[in-house]
Structures are given as C-alpha cells and as structure tokens.
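Look at the two complexes coming up: chain A is in both, with chain B in one and chain C in the other.
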Partner chain A sequence: MSELKWGDRELAYDSSAFVRGSGHYVDDIKLPGMIHMSVLRSPYARARILSLKGGMSSKDLGARMASVGEGASPEAGLSIEPVFATGFVNYVGEPVAAVFADDRYKSTDLLESIEVDYEPLEPVVTIDDALKLGPIHSGRKDNIMVETSKGTDFQDPESPIVIEDTLENDRISANPIEPRGIVTSYTDGMLNVWISTQAVHSVKEGLVESLGISPESVRVMQTDTGGGFGSKGGLYPEYVMASYASMKFGKPVKWIETRREHLASTNPGRGVRGKVKIFAERNGRINGLKGEVTIDAGAYDSGIASFSPGFVAMQMTGPYSIEKAFVVARALFTNKVPQGPYRGAGRPEASFFIERMMDMLADELAMDPADLRLLNMSDKPFVSPMGLKIDAARPFFEGAVRELEYRRESKMSRGVGLSFFVLVPAVYPGESARIIVKDGKVSVWLGGNSHGQGHEIFVKKLINEELQVPEELVTLYRGDTGMTKTGVGTWGSRSAIVAGAAIVAVCKKIKQEVEKEFGSYSVRSLLSSGYDEFINNELKMPLNSFGANLATVEIEKMGRVRVKKCAAYYDVGRALNRDMVIGQIQGGMAQGIGQTLHEGLFYNKEGQLITSSISDAGVPLAEDLPNFIVNIVENRSFLPHGAKGLGEAPTVGVPTALTRAIESVSGKRLRRTPVTPEELMK
Partner chain B sequence: MSTIKIRTKVNGKDVEAEVEPRTLLVHFLREELNLTGTHVGCDTSNCGACTVLIDGQAVKSCTVLAAQANGKEITTIEGLSRNGELHPLQKAFLEKHGLQCGYCTSGMILTSFWLLKKNKDPSEEEIRKNLSGNLCRCTGYQSIVESVKYAAQLMNEKEVEREMAVR
Partner chain C sequence: MHPSSFEYFAPTKMEEALELLSKYGEDAKIMSGGQSLIPLLKLRIASFPYVIDISGVQGLNRITENKEFLEIGALTTISSIADSELIKKRYQILHEAAGQIADPLIRNRGTIGGNISHGDPSNDIPAVAIALKANLEVIGKEGKRIVEAHSFVTDSFTNVLKVGEILNKIRIPVAPDNSGGCYIKQKKSAGDFSVAAIAVQLSLHDNDSVKSAGIGLTSVAPKPTRAMKAERFLEGKKINDSVVREAAKIVVSESDPSTDFYGSSEFKRKVLGKIAEEAINLSFERATVR
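And now, the complex of A and B:
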C-alpha cells in the first residue's frame, strides 16, 4: 500500500513555506514503488497512424476526455479529444503512447523504443485554412465546431461614418512557472490523485466520466500549485493515462510535464479574430455595431472553445451604450493544440475588438479618444442588445480620465493609450465551502483552490468578521474532493466573490448552530464545541465591474518598445486585502504587457510549433517591465462581504491601452497582438 | 549504467554519493538528497527556478551535472536560514509579498543573495537586470524588486548593529 504521509501542517495552504523551500508541489511527492510516466507525442500536425508498436496506447485505453472545467458545456462531445490518438493525429504534441519506468531518465529513454509509422496529411493550420480546406475530422462537413450569434440582426443604419476592420490576438501559452503534473495511486479500490490544479472537482468529474468509475472511488487532492492562469482548470489526457496506469500496474504513477510539452500540448489561450463594423454619426455617436468573431479552436473541443464564441460576442459593446448590435461567432477546427482559457479567456479579445474600433473611429473623426468614449456612455444602467448588463458607466469613466491624469499625459506626449472596459467575472454557478470547528481550531476547505491568489488571507479575514475567531486559529487547507462534496474552481476573477460568499454563508449557518446550542453566540462557545458545516452556495447573477488603463511608451532602436507608464483604475468592490489586490493587478498588468509586446505561440505552414522555449514564448523579464501605478476604487458589491472580481481586469485593459500608445507613437495602424518590432520597423 | 563517485558539501554538510554521469545536479539535490525546495520550471535554462549557489555563485542547477559539483560547496534554499531564523531575504520576500504561487521563489531568493553579496545597495535597475534570468509569472516583478531592496536594507542594518557591537 502506498500512501502519502502528509500531516496537517503539510496539507495546510501556507505561503510562508515557499520562502523556506518547504512547499509541497506535486513533483515533491515520492511514494514507495512509484513509477514515472513519459508521453510520446505526435511530430506531425496531421497524419494517419499506419502502425504503432510499444507503450500504452489507444489499444489499451480507448477513452475520450470528459469536458469539464472552465466553460465546459454539456453540448460538447462530438469532437472531444481522445486520451491517446486513435487512427489519426491532429496536432503536434498530441499524445500517441505512454511508457513507464523507475525514474524519469529511464522513462524518457523508453520513448525511443516505440515504433510509429505515420502517413502525413495536409494540415489545416490557420483560420483561413479552416474556412478554405476540407474538414480535419471525417464525418463533419466543414471545420466549424460551433456557430452562434448574439443580438438581433438589423438593417445597416443610414450613418455618415462607417468603419470596418479585422483585428486579431495570437495564441498565448499560459506558462505558469510550475508545469502541469500529477501523482496517482490506486489502493484498496480507491484512486488517490495528487495534482497541481485550479479545480480538484473538475479533475475528479473528468476522471469519473473518462474512466467510467464511480465517484466514490476517486479522491483528488491539490498540491501546492505553481500558477495556473487558466491552463490547470480541467482534465488533460495525461491525467487519465496516469490514473489508468496506476490501476493497471498497482503502482503509484508520476507524470511531470516538461516546458516543451507545456508549449506543445497544454491548452493555450487567445487565438481569436474579430471583424467589426461600426456605424456612427459625425459627432461620434455610435448607431450600431456588427461583428464576426472567429476562434482558432484547435483540433478538439476543450470545453471553453465551444463556449468562447458566444462569450466573446456577448461582451463586444464593452461599457458603451450601443443600441443596435449583432455579432456572429464561430469556433473553427485547426490542426493545432486545442485552445483553452488563459487569464481573461474571451474578455481581453472582446475588449481588444471594441477598443481598437473606438480608437479608429476617434482618428476618423479627429476626436479625442476619451471624449468619443465618454460620449457613447450612459448615466444610467444599460443592457446591451447582446445581453451584457452594466451599471451607469459615464460617472465611473469620468473619474478614470481624471485619476489617470489622461488630459495632462496627452498634452505632454504623443504616445498615450487609454482603454475602458467592463469585467464580466465567472460568478456562475457559485462555490462551495466547508468549515470544521474542533479542539478550539477552525479548519476550512473551499471548492476552488488557491494557487497564489491569497485565498487564505480573505478566508481568515471573513471568518474573523463573521465569527470573531482570531485569525491565527483559522487554517485553510488545499483543495480536496474528500473534504468537499462538490465544488467549482478558481478562474474567471471569481474567488473573492464566490468563495467569499460561500465562507460568509457557512459562517452564518454555524453561528445559528451556536445560538441554538448556547442561547446566544460567543466565540468562546463556538470554540468550546464542535461543528462541521458544508454549503454549496449558489450564485447565478452577473456581477460586472468597470476598469480603465493608461499606458505611455517610447519606441527605441530596432522597434523595441519601452513602456514608460502603465496605470490602472479599477473598481474592485471592497478590497478584502489591499496588498493581495495590488499584487494580483501588478501580475496581471505584466501579462497584459507580455501579450502586447512579446507573447505568442507560432506555427509554420506545416503546423510545426516553432516556439520552443519559455523565452521564445515571450514571458516578460524583470528588466522588460516598468513599475505599475495602481488606483483602486472600492464600490462595494451587493454581496454581504462587498467583493467584486479583479484577477483578469489587467489582461483585459492593458493590451488595448498599450497597443494604442504604440500606435500613437509609431503612426502605424495596429490590428493584432503581439505588436512585433518587425511590424514597427516596416 | 555505470556510476561515478562525487563528494560535495551541501548546506554545510559533507555528502558522498554514487551518481549516473548524466544525472543533473537539480535531480540529484531533489531526488537523492530530498532538497525539494529547488524547482524545475523549464528544460532550457531560461526560468531560473532551479537556481542554487555553487561556491557562492548563483547557478542554474538544471544545466549542471551532479558530477560537476564534485569538490564544490552548494547552498540551496533550505540552507539559507540559520538556526531556524529566516535570512533577511526570506523575511523581506514574505513581508513585501515578493511571491504569489511560490514556485520561482527559491531561485529568486538565491539569485538575489548572490547579487547582494556583490552589491550591498543595488539600484532598481541593477536588481531588475540581475533578476532577468529568473522568471516569475505571478507578481509582475515589482514586489520582488521591493523585496530585494528591503532585504538589502535589513542586511545593512544588521551589519551596522554588528559593527556597533564589536566597538
């Protein structure tokens, strides 16, 4: 029997362990008899597998992946990725077979022993290919995965100004510094899984569905998780393989992703094109918006890929009161790794489309971009034709223009970019929490898992506020499906909102229990007794918030962009912890700069991935970045604890402000991210 | 596979071991010595999560064979605190929130340790330049730069105290 002997201290989420080097990441786990798994991956973007000898493959495990995690939809299913390639490979990096050995050196050696014959086929690499060429999956008539529309179609209004353009965000690898990884162990009919994840429940549901095993026979436990940014929210083929292997061999199995595997095989984000047409009056008032959104979804439906088109389309009027809008949106199959969520996941794309168009319209009319934006805002709440609900926008953004010192900045320099946005957090369907009070201590589990956001800090604060328990008596444990019956996950700017609300709800329940038992509530009574309460706290209403960014730049030799100023003005609701809020925003701003200037996953005409390292992928360095200016506005939400979302705000607002700043200095019309030095030198 | 014998000093302790010639130092530290505070983040020597000190110099331990550490002195993150007391850099990273997910932290601290040994009062620009071999995906680096500055201040204060005590 192999078990992990971690005590209470090891299971608690404790960020002070990280400075000592005593964290508990998945690769730190060592179990007796544990074997290491390596995965053989497709070297072709598209090929028929003629023969395959050696290793574990689809002959052993013909399962298909379950659609779980962020954006997963019940409609998905026709085009779900197989755990191992079955008959064909459809992207470079697709798992073909797996091998197992005592250590990672030997399992890597064993990859050489697998023999595969491929017959290469013409790949569908780009969005244009996907529209032009035949379907990559036989049995389908074209490469359209899903097609949807938002708003109501309308006849082109009689408008003196009509502008139209096509805008694009390249794909980006999430690149958390810790790659993905899993350890599985099957003992006495129980599959125990330790994993670096944003959502233990997604992984559990996925394994149950993919392997056809009962929910009672799987326990998924989160290890310290070295960043996720969307990439660790759901199920991946390797998780099913490692679980199956531990059941088959009766030994614990470890798989740790390499960085090259991460670039090739972990679902990247973005990869979206928008064609937008704006109808406006000469005074700048917009009469209508029409659009087409196209998602480069990759070879299979990861869940978010079929959700994204409608989600991007829905947000395309931004914070503006545009009365007529209609957007057609589709996701297309290509022979690339399936697209997934990356910090923002549809929000930055929609904002890039509307904000670029606002700047272009301002240029067309020779108006100030801020004035044009404010002109198209309302003093009252507004529901867009596509169903986006926003509060009164104009008062907030007038404040933003003032606090970001936009007028002064634009007098001083040419290279100023300003962006306005509305953040749509993933509130639905709420979150779960469990609190156990025992031996004078309070132990907490959440349905979604911290991986650096500081959940432990707001958990302690809210429990102290609700139950007056001293913070040092409260411990937040890492995600564990053995301790929470159900749960969702950490993504979509949701945790402070939904996990916070769940904590408050459990506290209220416990308080009532104490009152029932003792007649009145006191922290002394609470700690002297024992309680164990779990709540699946449903939240289904939108809780959108506003934000604005300002950026200024210089363009140096060889088209190198230096970011001089990068400032934010965000409504974060009640900031549960100011330092954590600022830390989240600074980190997100770095990612926003990364997307704009350096980051991308690039494929050649044959569908070969030519981005081969984390540096090639453009993750920003310390010397690339400025100090950030963060202004937070605390307009409490209607929830008892007052929180709003914020984690993704910077990846929505920074790319648009920064692209405009570069456009203003360079005088070149910019239509895509990343903005490369080559483009600026042209 | 044949093995070779190495002798090193790791965090002040003498270590003798038989290793395969191809064993990377980072895997030797993590898997043979259970010093799991040193992390692996990439396979191309870019990210710096595996940074350790070899004879006082910051080195990416994924790019060094264990055999090359023969006869050398290695310090990992586990060897930084003395008698349970955190090193000023460790204190500073905690206090100034120089970390979120924690995965790059060991490498950041050891590279900063080396920097502060060479330069007791580095400017912001010098800190950013010296940390450019260490990637962080969470913080945007600003809080890390503040942590290093604060650590420099703590270390200089400590030195002044020590000098005062000697007098």
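And now, the complex of A and C:
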C-alpha cells in the first residue's frame, strides 16, 4: 500500500479483514525511494564499547529515550534507555548502530561492515545478582531503580499461624503475531510516521521529546496492528532512529522487527518476585500481611518498571478484607532488556502472590480453599490498607463458587484450582474521541488504538444507541494524531470503559448541537448537517471489578500437564458485545495457560538469551488448550454505558487457578511460573 | 531473517549435482528439503556462496523392498515415510518416528537424507537408523561407498561426508521374524524436538531371549548416540522387569545430555530412563506378537 488518506476504506478498522487476510500492516507500506533500516545489537549483556566504526550510532544521535506510556513517572528521569548505546552496552540486544540500504537483504549485509570493539564486563543477570553485585550504572550506589512502600508498617501480631513464602513469575515475551514495525517519511518539514502500535499519542510524544521537534511537525498514524499485549504501548529506540534517519536522508525509512529481535529487544513483562508473610487465626481469619515485591526491571527504566513496584504492592491483599498490610516494593536494574507491560502488567503478579498464599494457608489449616477465601472477604465495600477499593466481595464469590460448580468439581477430582481476584483497570486519565458527521456519514477516531480487540464493534453500537445512526453509516478509523489532538492508548483493560465513555460524551455533545440547530434531535437532521466534535473525556474514579477462575488438570507421564477445563466467571459490567467479550476471555485464558505451563525468557549466567526463537519461548499451542467455559456476569458500572474492565482478567485469574490445580494433583508446592515438567517430576 | 546472497542451482541429474559440488567445493552446500538449511541461512548462522538444490534429482524419492533390504532414496520426504503402508506394516519404529517429526508442513518438504545428514543430535531419524542398523550409501564423483548409520554423524552438525559427496540411499536390513521395535519421543509441545527420545529394535530367538538389539538415542548427547553397551547387555537375555530396569540404567549411562530450556541434564536422564524402560518393554511386546 502507498499513502492513504482519510476516507479510504483501508484506513478503517475492520476486524473481519484479519480473518480474510486483507489487513493493511506497516510492512505493506511501500513508498517511493524508501530505504530499509537494520539494527546492530549488543552481543554482550554488559560491556564497555572501546571503539565503534560505521553505521549510524550515538555519535550521530546523542538523543535519549523519552519515558512514555502506562505509568510514566517523574522519577523516571534517570537511567532511561539511550537510542543508541553510549559508551556501554547493558543488555544482549541493545541497539548499538543502524544501517540503511534500499532493501532488507542489503541492509542486513551492511551490519557486517560495522566494527565494534567491546570489553566485556561482569553482568548482573538475576534479581539475586542485582542485590549482591555492584551497580550496573556508574554514578549509582546500588541497583535499586526505585523503592516504595504501601500500607502502614505494623508490629507482628501474635497470631497462632504465620506462613511465609517466596513466589515468582518469570519474564514473558509478548510475542504478538506481528512484531514491531515503523515507516517514517519527512517531507516539507513534516515527519509522518506509520506504525504498528497501541497508542499513536505515546509514540508522538516520545518522538517530540526525544528528537526535540515541535508537536506540530509530527503526525503518527496507526496501521493495522497484529497484536501488542502491552509491548507496543510506548516509544522504542528504533522509532527514534528511523525518524531521525528519514529527516537526515530525506527518504522514507522502514524498519520491521524480526522475531529474534522481538524476543531479545522488545520489553517483556512479568519478571517479578514476591515474598509474603501472612498472620492468621486458627479459624483461618487473616490478621495481617507483610510483603516484599521485587521487579527485575532490566537495564533501563521503561517507565512501567518504576511504576510497577507500587502498583503490584497496592494490589497485594487482593479482594480480601485484610485490615493490616504493609508491602515494601522495589525495582532493580539487571543487565537484561528493560521490563515492560504485558497483558496484566502487575495485576497477575500481585494476584499470584496473594492467591498462592491463600491456598497455602488453606493447606496449613486443612481447610477448603474456597471456605478460607469466603472467611476473609466482606459483605460490604472495603478499602484496603494500601488504598485498593473493592466492592462487596462475598456475594460475587458465592456466585462464582456456585456457577463454576467448584464443590462438585472438587469432590470429583483432586486436580482443581479456584482463583478470585479484583481487576484494577487503567482508567486514569480517561480517553479522547472525535466524531465528524459529514455527507450523511459518521467518522470516528479514538485516542487509544485497537490492536486486534475490535473497538469498531462497540463504537458502532454506542453511536447507534446514543444517536440512532445505523451502524453501517459509522466508520471507526485507525489511530491518527492528525485527527485527535490528544489521546492515551489501549491497555490496562480500559478501552470499553474510557473510550466507550468518551464516545458517549461526544455523542451527547453532538446531540445538543443538533437540538440547538433543529429544535429537536433526529437522525435525519443529524445526517443532513455537518458536525465535528472532539472531547478529551477525563475519568479518574477507580472502576474495579471481580473475577474468578476454575481450572482442572491431569498430569500425564513425564510431568506433562493436560488442562481439562478452564472456566471463567467475570463481572464485565454491561457486555457491549457478547461475542467480543467471549473472544477476549478465551484469548486471555490461552495466554494464562501459556504463562503457567510454557512461557518464559531464560538467560544463562552470561546474560545471553537462551529462548531466542518463538518455539523456545513457548507460546501455547492448540493442543494445549481445553474447552473454555465462559460465564459472564453483567453488573453495570456507574458509567452511562455500563462497561467495566475485561481484557486482562484472564491473565490474572488463570495462572493462579491453574497453578493450584497442578499443585493439588501433584502434591508439590508450586512457587513460580512457568510450572515445568521437570519441577513436577522432582 | 534475510540470508546473504548466494547463487542457486537446481540440477535434475545426479551427475550434474556431483559436477557442481566438485566445481565449487567447500563453497557449495547441498539443499534437499531446506527445512534445516534455510533457517540457518536466514539467521545467518551459516552462509554459502553456492546452494545446490538436489530436490529435483530424479529417482531418489522411492521406497522399495527386496529380500535383503528396505531401500529409501535420500530425497524421500518425511511425510512419504510416515504415510507409507509398507513402512507402517513392517517398520513400525520408522513409521512412529516420522509421524512425530515437526509438523505436516515441515514433513512435506524435509527429507530423510537431510534429516540424517544435518547431524542435529535432536533430529529423530538418525537414532532410528542406528537402531535398525541401517547402511547409508554415499555417492561421489569417485563412486559409491557404504557407511554404517551409527558412524555417520561424527559430532554436532558434522558427518563423515567428504566435500562433493551426497547421501544417496538408506538401506535397512529386512528384519527377521520375531522382531519388533518402537520410537518413543518425549516432547515439550506439539511439533517440537524432543526432551529425549529413544529408538529400540529387538529380534528374538524362538525361546524369546534377545537375539539382537539396536538402540539409538536422540537429544541426549552432542550427537545421535548408539547405546551399544545396553544392546550387548540385552543380547542373549530374556526380558523381565529387572533386565529392563538394568538395561535402562545402562542406556542412561551412555547418554551425555546438556542443560538447556528443555530441562537440566538430570531431568533429561530421568526422562530417558523412563522412556528406555517403556521402549524396551514395548519392543519386546511387539516382537512376541506372532
């Protein structure tokens, strides 16, 4: 495809295009004179660069990365990833230089012409290394990126039962089917960027900040995006390089990530350790919780890495009414690719910690895990000592136990796991939307961008409800900073909530305009005239919801786990489209199974990535997946359109339920994901 | 994922192929199905100025049987082997192994000759060829020679072929009566290589004691491995639980697995021990079905 303009059908979201094989991806863009970029990456986890000859490098581009995306924090000013390594490399896969040629074969050839001399240094690979060894960044006294705490410290209560354990989720690559990619073109003082992304505005803000150019001179347009799962939320070094190169050479530049690059260099998620201590009465009532959260943040602060500690800590009491809690949390630098968000981004980790502890406490007391949970939840709304707001948990959980047929399942077999969680969507700070009514058609843009979720389906439905416009006259266009002044992004289970609310708000405004113009509202009046409204719809109230999962498993020979049943019981608020809700849940459950049984990024002692192909990194395969059972609970939210969060629920609820199911049937205490056959055969 | 440039030849006659190989010597690389070679080229782990694609060479994709041998042309695809009624009926071990290799797309292109020649200790066919005591016919400009299967692969990704030689045919001796074998592959997931795998072929005397045993191992050493001590141990013995347990222990002692993301070396030994017992028992069972 060459350049497209608004109004071209190809720029509209159309989920069916993915199934028909007619999507328009960034790699489909071919512009006249376009050159291709290849990136030379560090072969060492940690080394000093003694000399570097050839290619574009930090000598050309001293610019630094900007910190953008979910959880950008003010402290994140330090140790931000440079566009090109400067003086040192700090992870295998870190960009060192870039080369350009008129095709991808030639640019790959050119990589061999770059000469780099490295002096390898001892790498800090693991969380334990980070605590033990000296700082990876000079000028710092240790490897602590950030340290924070949630709740108030308290004296250990004299509880008869005290249990303590350390739990961990390994790092996981997001591995969307389409890796990252970008095309940049600089003409007449305007930098045009086409990109596979979850958030055109994040990319734009990042480029503006990093390149020091004016916001008016950059336009970022989304192409069809084949998945992201958090990994395509923000800025990456390659985006700055490609933009800079198109300005410097006056030619369009394309960069398409390979799978190997994705595994080595795209920010992976998880990589979190939790140490938890629980104080309880003999009857199972929990008196208090103390915890330590440690994030394996990688070599630089991606933004999420410094935000994560507090975010995980805040959720550590889960949906339970635990009156006393105190959690210390920190993110540590290691010589690995910077950690980023992956579907759930802190939520699954916190839930893994508390849910594993609940199961262990149940075992300790020889109680049924569901009964123990029931005993520790409230009939009334509750605010945790860490500030987590939850609704009355007990009625929901009782429903879950019933609908998931937990009692029957656990009578029938040992391999049953049940989980309960509160989902905390990233509502803050809201989202933007724009609607243009022209020539009898309704065109829509959102600030945050669908990367496979099918936003157009709920957008059409809401506009039809609010303005009675037939759905076939409504078109949702892909993200474009040229069409929306500001915007946030698609992540954190937020779009149906925040983008939905923004759509409703714009519709209300347009309706008023129509009423002003015609005296009363009708679709005919609306479509006969012209309107153009943009709203940045702020939303700051938390909008949490409950979910529960049940999993049953069998262990086959050699420690191979077969998932027999994977069931969900989620409050999704009002389901704007049931099929889309079910699709989200099924996809998320597959990823939850992946995390529990297969997925992980493994590094050796030298910090080399061992899982460097997609089969090694372990995505779940069709044969691993059971029949999914989806129960949807529709308790409307306070928003006019009634939506709640959903997208991350399965990656929060499945790993905990599944790990428990495996634990019950194997009789082995399980403390980390992935759960490997090796561990089960020990 | 973009290989460096190479010149590509697709000869249709063996003489042409051999001519090209001798002309370009070390700079030339044979390609059959390309299922191992192409990934290497694309990742630039290897590069060759000349790629000689022999997949179009006539007459090398046949499966035939005479009184002495089952003969398989080097270009026979893994799926033709998996689908062959003859092999399914009379060489179950090979049928089982072929059906467990990778996925249908790769099986449709990958060849038995490539699978053996590649020298990947995780490829499945070499262990089967070892267990079946196959002879490998190698062809070069100077003529043909025979190499025994167990000495064909000399180290990880290296074999006995000299520059200019091609693996031509795989000959498997027709099994005597009272023979049976199996291939047991423990995988992490569908379509994957193995954590460990074992090929066992047994022939029995009339009194059910072992006349001859062939045991080949996959993924548990730097190269496909013949468990020769275990073969010798079994020969002359009657199969019972303690013999099987002891044989499996010997098999494990002949392995040398490395630690990787499939698991630690201890784990692989443990898996190998279990599948070795299973495979010997199953082979015996199959050999005694008369």
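Assume the second predicted complex is superposed on the first by the 673 of 682 C-alpha atoms of A that agree within 3 Å, B and C clash if a C-alpha of one lies under 4 Å from a C-alpha of the other, contacts with A are read in each partner's own complex, and residues count from 1 in each chain.
The criterion applied here is as follows: a residue touches a chain if its C-beta (ideal position, glycine included) is under 8 Å from a C-beta of that chain, and two chains touch if they have at least 3 such contacts.
Because the structure is a prediction, the values reported are computed rather than measured.
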{"item": "Superposed partners chain B and chain C on chain A - clash or fit", "value": "fit"}
{"item": "First, second, both or neither for A:15, with chain B first and chain C second", "value": "first"}
{"item": "Contacts of A:618 with chain B and chain C, given as first, second, both or neither", "value": "second"}
{"item": "Which of chain B and chain C A:225 touches, first, second, both or neither", "value": "first"}
{"item": "Touched partner set for A:678, first chain B, second chain C, both or neither", "value": "second"}
{"item": "Chain B versus chain C, judged by how many residues of chain A each one touches", "value": "B"}
{"item": "Contacts of A:451 with chain B and chain C, given as first, second, both or neither", "value": "first"}
{"item": "Touching partner for A:587 - first (chain B), second (chain C), both, neither", "value": "first"}
{"item": "Chain B versus chain C as contact partner of A:23, first or second or both or neither", "value": "first"}
{"item": "Partner chain in contact with A:610 - chain B first, chain C second, else both or neither", "value": "second"}
{"item": "Partner chain(s) touched by A:598 [first = chain B, second = chain C, both, neither]", "value": "second"}
{"item": "After fitting on chain A: smallest Cα gap, chain B-chain C, Å", "value": "5"}
{"item": "Where chain A meets both chain C and chain B, residue numbers", "value": "104-105, 258-260, 615, 621-623"}
{"item": "Chain A-facing residues of chain B, complex", "value": "20, 22-23, 27, 30-31, 34-44, 46-47, 49, 76-78, 81, 86, 90-91, 93-94, 97, 99-106, 109, 124-125, 127-129, 131-132, 134-145"}
{"item": "Touching residues on chain A, where the partner in the complex is chain B", "value": "15-23, 25, 27-28, 30, 103-105, 175-179, 224-227, 229, 256, 258-260, 451-454, 579-580, 583, 586-591, 612-615, 619, 621-623, 625, 627-628"}
{"item": "Parts of chain C lying in touch with chain A, wherever the complex brings them together", "value": "1-5, 43-44, 186, 188-192, 195, 260-261, 263-264, 267, 270-271, 274-275"}
{"item": "Parts of chain A lying in touch with chain C, wherever the complex brings them together", "value": "104-105, 108-109, 258-260, 557-558, 598, 600, 602, 610-611, 615-616, 618, 621-624, 676-678, 681"}
